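Alright, structures below, take your time with them.
Next come two complexes, and both contain chain A; in the first it sits with chain B, in the second with chain C.
This part shows the complex of A and B:
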């Protein structure tokens, strides 16, 4: 084992290090897709369906094709290809192939029907208005319960239900029969959308001589996109190269391959010029995949003393128009059911899961996938139980949370919580927002105050084991490479791009911690499927710190072992005596700098004579065991009973993600997810009208939280290192988005309970909170 | 297609705009419908000004025009003829240290993906040029004109408060 500490005994791990990526972005020198269009590129505008559901009778592109600046107009008939299909292997899940451009039928407002290629986006948009599509309108399918009875969106499927499953523990029925109390309720989470500030975008270039298709894309999963493009276009994987530079936010929306990206790739392969597509905000809101939308029926069985005995759920997921590629129609409902018990000891569970197709944008991952909806429903139900039993909501939770002595704790749904601080984070969060003070009653100006608390577990760091504990098929493969140049500088090459998480800094900190060198000497390289090691899943599921971080620790240890061999040779000592400190290899008899070692490895013939392979490159593969972060969100809200306006006036998040690499980055992830959680609870609504038309088509309708909607959030970190992952690292990017909507909803419910108003869904609309007239 | 067709007229539409950008004279040839944001990006290569909603809601495209913070997606390029424009690229030249506002943003982790950041920087630059000794409530009000999906704004608020203290706004200070 190599000793890895700097002179003070510290490592770069845990340092609040400002991010290396910031300077470039702050100077306006980021490289988002639209910032660097390929030379001579054609610009794309898609013609999108105004109908939620219609047969396409005819597409006439004659006028559009002859408009100024237009090079071509493509429809489904022009570029035959293999449609997109989800790769999720859960028995009973129905597949719904999705073409790049709709051919016979449109299934949601915004589905792409044709694409115009022109000399500028403005020219392309002008011509898109001239494409004449004749539709025969069909009935929209908006209500997921009604969807089960309506004619299927895809006649080949026979039903709009694409999944139905059931899983009960053996003692479930007995537990309900014997329970002193059963509390039940039906809750729902509305449609949300990730709304990254940079929408989806890609630029594709085809070289007909080499046969290489190069696609620069704003994506979270370059290797997955490479595979999807190769499959859809019938090309070999190595003939498709995906590049990623800066990505202006993802939050899950940029995990799947978009049909538009396949269309751009198809167009570029046929054109002799590069093709660029940068979606506008309306496209992003209506045509990019949405998130959430679930309806959850819950029943909780309790003993007279408040002990939880059993929890049952019936989850109905509204999948939208397609069981979307890479995630499928199960991504919401199935994952919600898997995390049913959350942070509580509940011996018996039962779930029914259904997923149905509707004429809405497809559902894809959005931060806290599935878990947000299930968690919010459960926490609202627990508060309802507390009110019925006359119990304090913190105390009822305290009684039932997983205790330190229970760990490792296996839930009836098959998750094993490896470690954590479930009770401690609850106590701290409750103290930070001063729960006792809130109970005192309304404010001086008559506003209703409410306290909400929401302890969570986040399944994190998904490799194949973590996924298996969620009963999910997820054959992830993640490798990394670390190499040292003759200068002593280190390059860490990974397949997982960043969308703002700061990997360039945090992954460098991990590598530097092994070599006890300055993290600024480590350059993190990603974003090129031709040059980076494979990450089939990419950046998602709070996995990069755990999976890629763990792989980097392992690869860097291997590199360090090679450095020790060379250093031992140069210093004339046994390599086992070498340790690393302050960027030097140190033995009792002397020391040598990393640059000298690296230069010698390249240029010193004596090194080559002594060591058969003086190569300073190391690779590693890592598929970590499952690990679970935990924590607690607590908020205080004030509700104006006259207007229904809700203000979140105080908040705390106490989180525990095991070993912290960079607390500043953890704070940033937590605060960002908290804001998204407040948005989900109070403001954001990507819902549809009864006629199937989307209600949110601009940021004037889709309300993101602003700085004035949010209180200052108190943050604390507890550290329960994961006992089984490398470095004790757990993931944490989604935690606050899992738990915050529940905390806010519970607080609002508590505030308005004296008015006789109940809260059963998010987003909570102000008009629902106004007390009914006497 | 007849010459009266609006599309044909647009194709013939090319207007020269002369203005000052980041203290240097600049000329650009634009269609009358071209926004200042698109013109800065496409004609002058100043791609630090980002476009995220094109409806004046998100603030990502904010630049300073004659000393006012302006949404460059809502201003036509032709309206900026003769104006003095400052973009994010004008806060600190390459090779120079970061502007105190930029430094505060990195110190306080006020950015993640960085897409909305340039517009925020220009609004904050305008705010702190006019105001000294701002408090949190005022900062939150000004910052609420911008949408950031990553940070939850707390780092941004702290960065503005830091920059207010750190930026020496005596005459002659850079970009002041």
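This part shows the complex of A and C:
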């Protein structure tokens, strides 16, 4: 079902409302961790390993400890604790406990070995240079293919392979045997990092009177961090309080509890002063978790007429040094393989997944997680098939995409696409960039033009069911609370902090849509585990609109039912006659404002005849069924074979995330993810040299796309409301980051195919695209 | 990313600055715009004991035109030169490529020349235009020609007790034609290769060709263009480009490969020369 929304001035749902938080944030009135250091706090600098792999023979902190301004220097031996371990329950996944500070062995450049607590960050950094660590260097493990042959990073594990799985559909081999064509290839995705504007940061204060450890943190998952801190420090959950104010970007990097955060909590519990750690950019680039690195082997079986029969993958994920606590080593390769068929009807799939440890920063979720790599590989392979078969890339996709009549459609990998507009978004995106006009091959000035199109599915809004369809055992639900004050203003209390997604606006719009009131009368409160209902997973996996949104819709309906009882009493009508309009409860015989209702609930004892407990509070729990958004990215690039320069000259994203709460927010999410996708395809590289050292240690080396690297992007929204989630809402935060790298890579591949150049990995470097001899 | 401890001095005269430099030798660094120096200090890759901030030395902020060219004092900002033009076409053509508006508003022309980043635009501009750097020390004043200035990445000929007070870029004459082209990964990045071309075209004849490249060697590289008698305009561009590509000796590094740089040299030299020669459509012969 495609619904094109009418402009409905009476509903806050779907309104293109400027974000309430923007004025404050744009004026520099955000409150990030460094903006508000606790009084008397100690500043932390970590001593970090310069070696990719080494045994720690000795750590001598004598000189550092007596340096000016230094209060103490801690090593692993000083603060025993339970190490961080991922909580993912997938059979066969090997756990790799990770200490807050490395004690016996370092496993990547940048791993923290000691922490200096001093009167200022500058003093702490000066003293960190004086900590003398004696290392016995071991061989780095850089190439994931070779990792299996090298001695294990953790001798207790016996191998660097932490996961190996295989799931083929029964008809796979027959499909390949009977196919008219088999097209195959190997593709890889480089290492990326989320590069949030605010790096990781936290401030911890221990109150010896109450025994409460309070940690203010730049995190996406306050409840998850609370659990991790309590576990690692051996404290009860109720003794750990996590506070979150503004978070300067996360993109997945701030889902996990970082070892440094555990170290800060450990230090604060023992200190009589608060402890502050604000990560700098170099730390963030080398020591914060990375994303993406994968090597994907694909084979596609097709009939003579181009019908897809089967797709087989062998995915190797480079997990870095630990199967990281947030989501484990499976966050890349395993998820890539699960979404192998993407938006296409492919009856048979072959699924091989391996994940290995290497001496690199651990992999954590990064927008689009493993899906980006698998998707990019598949789309490049489909274009390769189109070239071999002499087919138009749009037409070959049109032939094989999930059609409206196929829905709901279950993939061989176990995902059930509940609804969508897979064909319609393809057609619109192709039209918006004038695919028909793009002729591959040199232009008049010698540049090569290429067109790339990339229809996607995003497994969105993960509740437990959505996670399960990705073969992921994961409690992913939320509770929320909605309260109306005597003023008639509403507070929506949720456990999911915003990292810039605009929750303050969109969640208010949802609440306001039920009460038919001005969304500015709804205050969204979050960021305190002591005061907000439980969010098991936090802000991740494009889940807030679906899970929190759905919970808020229900809680607000419960609140509205209470208000109707009071209003019916006050107006002398049956509560069933009450409806809400323009901030008032309305019946045929009259109406009454929300503030009057709320005031009466507090001040007028007679109300108790209608509502015996007139607290205008409602809660709801939501664990939604699985839902999948979809859409399509199309781009045109120009490649200059004389330099290797790539310009993305035209682009369109047509997306369908079901019910749109605020199109402007969806636009912003889409443009931001598109930009990151261009970065992933053409610029960003957090790779390592053969010696195991990270190549990107500053923004001079880690090339983020700037505004001047990006084209104007045409955006359109189609709406296929989810049939099973509350409000028909799907998630969409990662969509363009799943599909844009593939679109750009396909366009570049098309542009340079006449030169005999093939594209097999991202980021695509200019030196790969130049014509070597003229 | 806090710099290692350092002392800071803010002299108000050249003599005072020279005294500080003489007293500290190579452990002192001069702070002009700070757009390269301060990030390097924050990363602790540079750790001077003393920063000599010359921004309060009034006589270093002057711009004058002398018989030799445009003389830019050591604290003249890149943005100020860009705003008004310098009278040296290649400098004006290259400045928009230097950093971005934010860094240009603080960054100085002389500072960039002295920082001696092998990939930076302005050292190659100084070389292609035949400009010079004016340095002062207790011993007096001397001028260092661009061709003598660079010794390696971050290394220049003047001694630790010498202060660069100005740079002079020769003024264009009526027959000067110049172009700057570069390729970097993103707009505003240091280029992988930058190419500056200065020619003089008189009566439809190319009288001189000077080509300098940034990012190719560990110092700015002047392409040894021989006497190219007889080549037509298109042929000239191609011939010099092939020569430059053949003669250059770049290295692989983390930013790109030597082979890519060689291709970039050929492409950019050819395009820069074609651009210059297009400015004089009647050019048919080369002297």
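FYI, the second predicted complex is superposed on the first by the 758 of 774 C-alpha atoms of A that agree within 3 Å, B and C clash if a C-alpha of one lies under 4 Å from a C-alpha of the other, contacts with A are read in each partner's own complex, and residues count from 1 in each chain.
What we mean here is this: contacts are C-beta pairs under 8 Å (C-beta built on N, C-alpha and C of every residue); 3 or more make two chains touch, one makes a residue touch a chain.
Nothing here was measured: the structure is a model prediction, and the numbers come from that model.
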Which partner, chain B or chain C, is in contact with more residues of chain A?
-> B
What is the contact status of A:32 with respect to chain B (first) and chain C (second): first, second, both, or neither?
-> first
Please indicate which partner A:621 is in contact with in the superposed arrangement: first for chain B, second for chain C, both, or neither.
-> neither
Please indicate which partner A:502 is in contact with in the superposed arrangement: first for chain B, second for chain C, both, or neither.
-> first
Name the contact category of A:664: first (chain B only), second (chain C only), both, or neither.
-> first
Which of the two partners, first being chain B and second being chain C, lies in contact with A:765: first, second, both, or neither?
-> second
Once the shared chain is lined up, is A:642 touching chain B (first), chain C (second), both, or neither of them?
-> second
Kindly classify A:122 by the partners it touches after superposition: chain B alone (first), chain C alone (second), both, or neither?
-> both
Would you sort A:683 into first (chain B), second (chain C), both or neither based on which partner it touches?
-> second
Shared contact residues on chain A - chain B and chain C | 122, 126, 280-281, 698, 700, 705-706, 708-709
Residue ranges of chain A touching chain C (in the complex, touch as defined) = 121-122, 125-126, 129, 280-282, 642-645, 683, 689, 695, 697-698, 700-701, 703, 705-706, 708-709, 765-767, 770-772, 774
Which of the residues in chain B come into contact with chain A in the complex?
-> 1, 7-8, 10-11, 31, 33-34, 41, 46-55, 57-58, 60, 87-89, 91-92, 94, 98, 102, 105-107, 109, 111-118, 121, 136, 139-141, 143-157
Mind listing the chain A positions that touch chain B in their complex?
-> 18-19, 21-23, 25-30, 32, 34-36, 66-69, 122, 126-127, 194-199, 246-249, 251, 280-281, 499-502, 664-665, 667-668, 671-676, 698-700, 704-710, 712-713
For the chain C and chain A complex, residues of the former touching the latter | 1-5, 39, 43, 183, 185-190, 192, 254, 256-257, 259-260, 263-264, 266-268, 271
